[in-house]
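Just so it is clear, A, B, C, D and E label the chains in written order, and each chain counts residues from 1 on its own.
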Amino acid sequence: MERRAVYRNKVLPWLLIGPQLILVLVFFYWPTSQALYWAFTLEQPWGGGNAWAGFDNFLYIFRDNRYWATVLRSAFYALAATGLSMLVALTLASFVDRALKGTKLFQSVFIWPYAIAAPAAGVAFRFIFSPEAGLIGGINTIWPGIWDPATNAAHALAMVIICHAWLGIGYNFVFFLAALQMIPKSLSEAGAMDGARPFQRMMDLQLPLIAPTAFFLLIMNIISSFTDSFGLIDTMTEGGPIGQTEVMVYKIYIDGFKGLDYSGAAAQSIILMLLVISLTFVQFKWVERRVHYN
Amino acid sequence: MIERSPFFDALTYFAMLVGLVIVVLPFWIVIVAASQSLQEVSRVPISLLPSDQLWINLQEAWARADLGPKMVNSFIVAIGVTVGKITLAAMSAFAIVFFNFKARMICFWLIFITLMLPLEVRIVPTYSIAANALLPFQVILDTFGITWLVQQLSGIQIALNWNLLNSHAGLILPLVATATGTFLYRQFFMTIPDELAEASKMDGASAMEFFWDVLIPLSRTNMLALATIMFVGSWNSYLWPLLITTDRANFGTVVMQLKALIPNMNGTPDWNVTMAGALIIMLPPLLVVAFMQRWFVRGLISRDK
Amino acid sequence: MSQISIRAVKKVYQKNEVIHGVDAEIEAGEFVVILGPSGCGKSTLLRMIAGLEEISGGEIAIGDRVVNKLEPRERGCAMVFQNYALYPHMTVRQNIGYSLKVAKMPKAAREERVMKVAKSVSLEPYLDRRPGELSGGQRQRVAMARAMVREPKVFLFDEPFSNLDAKLRVAMRAEVRNLHRSLGVTSVFVTHDQTEAMTLADRLIIMNSGVVEQIGKPSEVYHHPASRFVADFIGSPAMNLINGWFGEDGNFRHGKGGMIHLPAIAGHVTSRDVALGVRPESVRRVAAGTKGALPAVVDYIEELGAARLIYADTEGSRIVAVDNGTDALGTGMPVHFALAEADLHLFDNTTGRRIETRPGQHAANDQFATA
Amino acid sequence: ATKFEFWYGLSGDLGERVQDVCKAFNASQADYEIVCVSQENYENNLQNTIAAFRANKQPTITQISDGGVVDLMLSGAFLPVRELMEQNGYEIQWDNYFSGIASYFANSKGEMLAMPFNSSTAMIYYNTDALKAVGFEGLPTTWEQVEDVARKMKEAGYDCPVGMDPAGTWQWWEQFMVIHNQPVATLGNGYGGLNAEVTFNQGKFVDQLTFYKRMFDEGLFVNKSKATGQTANEAFTAGDCQVTSTSIADHGSFAKQAAEGVHWEVAMLPIWEGTERQNSVVGGAALWTLKGKSEEEYKGAAAFYNFIATPEQALWWSTNTGYIPVTNSGFDSMKSSGFYDAAPYKGRELAIESLTYTPPGENSRGIRLGNFGAVRLEVAKAMQSVIFDGVDPQTALDEAAARSNEILRKFEQTYKGQQLP
Amino acid sequence: MSQISIRAVKKVYQKNEVIHGVDAEIEAGEFVVILGPSGCGKSTLLRMIAGLEEISGGEIAIGDRVVNKLEPRERGCAMVFQNYALYPHMTVRQNIGYSLKVAKMPKAAREERVMKVAKSVSLEPYLDRRPGELSGGQRQRVAMARAMVREPKVFLFDEPFSNLDAKLRVAMRAEVRNLHRSLGVTSVFVTHDQTEAMTLADRLIIMNSGVVEQIGKPSEVYHHPASRFVADFIGSPAMNLINGWFGEDGNFRHGKGGMIHLPAIAGHVTSRDVALGVRPESVRRVAAGTKGALPAVVDYIEELGAARLIYADTEGSRIVAVDNGTDALGTGMPVHFALAEADLHLFDNTTGRRIETRPGQHAANDQFATA
């Protein structure tokens, strides 16, 4: 924040920022400290009291191979959904960037998935991927049982990931397109003068230049893989089959609110928060480097 | 673009058409299924042509998921979050960008750390305050002995209690508390040249006059963008309403009802009704995004810079 | 045979014709500057030569090949862009070497060539920096090195100095001049800065609203402007252009009854709606009462340090004179001027073209005429 | 009138019947108005009740199933129903209640903690046409017979002889354990204290799970669940599956929902030949009165309990759902009135027979484990991983047992120093 | 009594002193221009007068009030900003009237005043446009109208023309001058463009790195620069400054054995490390063999149209001359120069200050000395 702050006033800024600060304190810092406390105790579900547990909750989580499986699954989920979504979005964006006639129309439609609630998409894709109905289910009439997300974890996970990737197309597309359009046209022209063909320019010039955006999107997508995935999984698989589509947030929900283990869930929550903070931190570092270019 | 070969143009259109199919197909299937009768929708594979049962299915879905009151709730929440967020965000960003006060950077960071952590990620912590949002203040009063003091002096026991369960405030406030809007406004305010504020100073305007007369009118685009983002985000929120609402009949939102629409209650897999319900529920944010596209895209992007 | 032939070239943007048929021949090794006001089509013309813009009509040949249908990479031109258009993510070395890399030149040869070029523009110490870590002038030099490295047949420059500050601009001017002198590559340079144009060009192409107004050597253009537009555009302070009417009596009538006697021209011109042009430095203050002196009233004075400009009104027409006097002069005071006859120009106000008053009227000299 | 809330965990047809009860109560008197809110299922209801209790927004009455009894017992959040009724001057014949119910919902002194309301047990339902088609007379009573008819049905071209959702632990695991006299946990299934450990990974259930797996592999059992788009119940009433196992509570719904031409009958759960059948354990739920409400609301709650305990109401309830009459006298009077003799109620008495087959023993009086819902989930996962993913049954059950024990230990730690009442 | 008194004013930014004690008196009705290179503290000084920047030391008085602690609106100053700082969402009318609205002037009176001011800067036709729909010059005029409408005691301008193109800049200069002439309001104008400064100023304040180098009338500053910095900064092309050594023999020695005989100065100066300054227009070409002529070798020529600049080397020192000749001159050719004695300046290279060689050395004249 290099700008000069124009106004000096002792009271006014506090009146302006006060409401937000209060909300942040009430809904963020206080609860987080509370959860931190829960994470180090065993909280009675009915709120009658708790017993100090030290690091037991964390140790329990860390010793639990099912937790690590969830972490790995979350990572896979995040990377797969992100990669798929970003790839499609980037491809679309780079073609739209050519700005041929009529692209505006495509452009506006490509944003639509952004508007869709994850659970709504979940319900729709559940129908599309339903083994006994809809679109993909048709394949089962030819080879019975070949597609079965109800019992096959790989199918179920694929279904959720595809849906998640679809949901992210709009957002990723908008950012990629903006990033591509922010590259001065003359750079492409310089590349053309230097003899590079379109694909080569894409690889040598455009891609490196939108790398910061891509990285930003990577982080945002990973964070959204924690948020949007809940609605998807809850409407599509409820974590099944056999909990094999549970990701970190879903597990927190299941363990804490279904399994009545608030303390374990709180500990998982703290871990997740730290994870997200460190991801964002990496992103900030990158953004700093990006400033370098211009 | 330099190369203008017809082949390359054709490839471009082809790729965009494929993209269109990828993006639109799910919408199409929802609409198609929602317009079909039970027999039609149960056919495998499904016919990709719409039929004539749309209105009937919409009515059925509307009734089955009791969407009337849920719609009202969803609108209350979405509009509440949108208005609340815009108001708070504009105010606090104004303070952070244009005022020179000691705790400025601290406030900045206090607010902006929350940006990294969407509600879903800190669901357990947030839930811990559902019972009594005023608990932190009670604790402050208790620790500083104010409760005791007041009780001694007036005999009144201060017991602050604000329960968020099954309340619109509970649905709205935690969503308002994050920094997305503040960040967006800050980014925008940073692009306002200092000279504009200085010019208004030279013109004799006070800080608040500058805020009302210059900043707010200027940030109309950002307001629309933020409004869109917030509307969509809060309309689509799912996990939090699920936790904070035990009285679904009165405080449930439409998105929460999606699960209730999934066929399983009544035996027959009437996906047509389910899809009709999904259609109703996804329509408002879709319309908002489609109509606000121009502004909201700009706002969305300026969030990252 | 010329290096670049531009023949009846037109450019249409969405039904909007912005270049209306330009013809020009550029000789091998020549340094040609395209000069004109903003929006006149300079860049468009240059970009059509480069192949970055389709040619809507006419044809452009480079060497003996018509290049209308060729991709930029096939035309053998190199271009220096206004904003440098350096690849921000590549080092200076990579920027310079990119075209060689694309052309699949082996790494060692590439390195060597890059080094050689970098040396010639004194960039060696910066080879491993990114453009973001360079000053404006250094970036400019990278852009030039990048153009040079391909050893092109033609250099194209599109306002390469417009982002530099005044001092640096002068310095870079010298560098470009030296470069051209040492490489001798045909160059086309676009600018709207007349000083830049004058000091750099072997020949100038002066454009206005999509047409060529004049092609010629800088001094030719200065002393013998082919149109009212050129006369007004070239020179600072601008040439005085007094609208009036030329009678058969050899008198030029203007403003509210002003009359200037111009016997030298009288015979050559028939009565028409014309503009009389005379450069401020050819307007000299003379003592009141000097024969045929133009009487005028001072409007205001602009102090330039070395001299001052007198803005005055002569019978309803504005006239500007460069004056070296140091006497106190103020608004409303009367002055008298004489016009240097050798530097008088006439322009047809209908066509905008110059009216030739005598053959071979080229170099200005110091003789002053009286009206 | 005093308003008070009642949250329940039933939905669909059964949920509507609860609403009928509420309406009837409200119509029967003018002092109180009960507001009945469905929370979809027992798990949700428990979860939401806890949330509401923490936020001090709890209903006066909540319906908690067998699985949640210990959670409630230690919560300190409820008023024992016996006290409540006494305080409000209602005389209830507590010893008239089914011993199975009493042993599940009463404290160690036999004092009823929650008001019995909807009690059931798990049964098996057969499509009689399919049985006829494969030439089976009567209804199978042993697993050998079930396997046999299933195989024959398959051969006869039925795609789904037995529909089974492997997540249905209550009927496929819990009740199996009980009627085969297998201990779910030490210390008498946990009655002896919070330090009990599960033992279901030893004994007959390992073989049973192996059996299920084999049946699935042979296509005799078919996975039917929400995730597949059709639950086992739906598949049965639609005539798609010929056998299913579920609560007697569904008897009423089946009668209404069975597709035309689908004929079916209900039977006690099969046992393996050579085993002695033990009584099955009571299922369903009871009504718990939560703390933190006003005297007036408690009066209303007591009045409501009294209302549902009236013979007319009990009769109405058992008639319109498949739930059993919860009192001995109620059962006797229905039986003597010939209620069970003809369709559509015929067969429901078998539930009582199952529940009372033997006097409740160590392993069949109920299961008293903390956070039992989570334990059920572990078992469900074990069953699914065996059936879907081919994990070895012993391995799967060992893992489930180990995890269950961790859950129990955590529960024990959470309520350190507390005793089961 | 002067209108603005700046007394020992300092400015410290985060321990970094950028203005080191400036003193200046600005008379009522005067038009003062602060001129200096980028970053020298011009804007900072102006902003301290306006009240937009705190004064770290010293004091500023406007009229007879010390204003150090006053808010901008209490100081009676109006300011025109570099980028206009117009309110983009308001119409021209609203922009101009905003200060009156804030001051709660009734609507009718406000309208009237806005109209009057708009008329005085010919903005009436644009009153209902937004700034975005105006040209650069029109925006500039709105900014001025906005400043005028409050009828301030002082006008402050911070490089108001730097975003305009060259032609427009000249035109706006005239408008500002007219405005000042008609309103007579004390004005402080910041620029780093010397032509702008020279042509506008009643008096110039020349700043460099946070200190005032010279205060004086434009011609005074041009002809009698008080420091080497001023000499170098003012004038284009810049004054020739030849570093050397002044001997008691009246000879100035420089470069590789160069020697210039300057008898007129000899007596006044003791031997020191000095720079000899002479403006390019005071360097005249003389025939080879002219007595005492400086021999030089042409480096390159810059054609300016009216004249040309000769960049040459005289015994190791660079010398630039303005030349009106039209003969062919090229790199490496020998030339000879004479320096106009009346325009010779000496600067102490240690202190940077001028060395006064004779009393009252003010106006330049046309006499040329020979070395």
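Definition applied: a residue touches a chain if its C-beta (ideal position, glycine included) is under 8 Å from a C-beta of that chain, and two chains touch if they have at least 3 such contacts.
Listed by chain with UniProt protein names: A = sn-glycerol-3-phosphate transport system permease protein UgpA; B = sn-glycerol-3-phosphate transport system permease protein UgpE; C, E = Sn-glycerol-3-phosphate import ATP-binding protein UgpC 2.
From a predicted model like this one, the values you see are computed outputs, not experimental measurements.
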Any chain in contact with chain A as well as chain D: B
Top chain pair, ranked by number of contacting C-beta pairs: A-B
Whole-Å gap between the CA centroids of chain B and chain D: 41
Rounded Å distance between chain C and chain D, as computed from the means of their C-alpha atoms: 95
Centre-of-Cα separation between chain B and chain A, whole angstrom: 16
Distance between chain centroids, defined by C-alpha means - chain A, chain E (Å): 58
Residues of chain A touching at least two other chains: 47, 130, 132-133, 189, 192, 197, 257
Set of chain D residues in contact with two or more other chains: 51, 54, 226, 229-230
Contact footprint of chain B on chain A as seen in their complex: 1, 3-10, 12-14, 16-17, 19-21, 23-32, 34-35, 38, 47, 88, 91-92, 95-96, 98-100, 103, 106, 108-128, 130, 132-135, 137-138, 140-141, 166, 169-171, 174-175, 178, 188-189, 192, 197-198, 213, 216, 223, 226-227, 230-231, 234-235, 249, 252-253, 256-257, 262, 265-266, 268-269, 272-273, 276-277, 280
Chain E-facing residues of chain C, complex: 38, 174, 177, 194-195, 198-199, 218-219, 222, 234-235, 279, 281, 300, 302-306, 324, 326, 363-364, 366
Parts of chain D lying in touch with chain A, wherever the complex brings them together: 43, 46-47, 50-51, 53-54, 71, 75-77, 167, 223, 225-230, 371, 373-374, 377, 381, 384-385, 387-389, 406-407, 410, 413-416
Footprint of chain D on chain A - complex, ascending: 42-48, 50-51, 53, 60, 130-133, 148-153, 237-238, 240-243, 257-261, 263-264
Touching residues (chain side chain A, partner chain C) in the complex: 184, 186-187, 189-197, 200, 204-205, 208-209, 211, 292-294
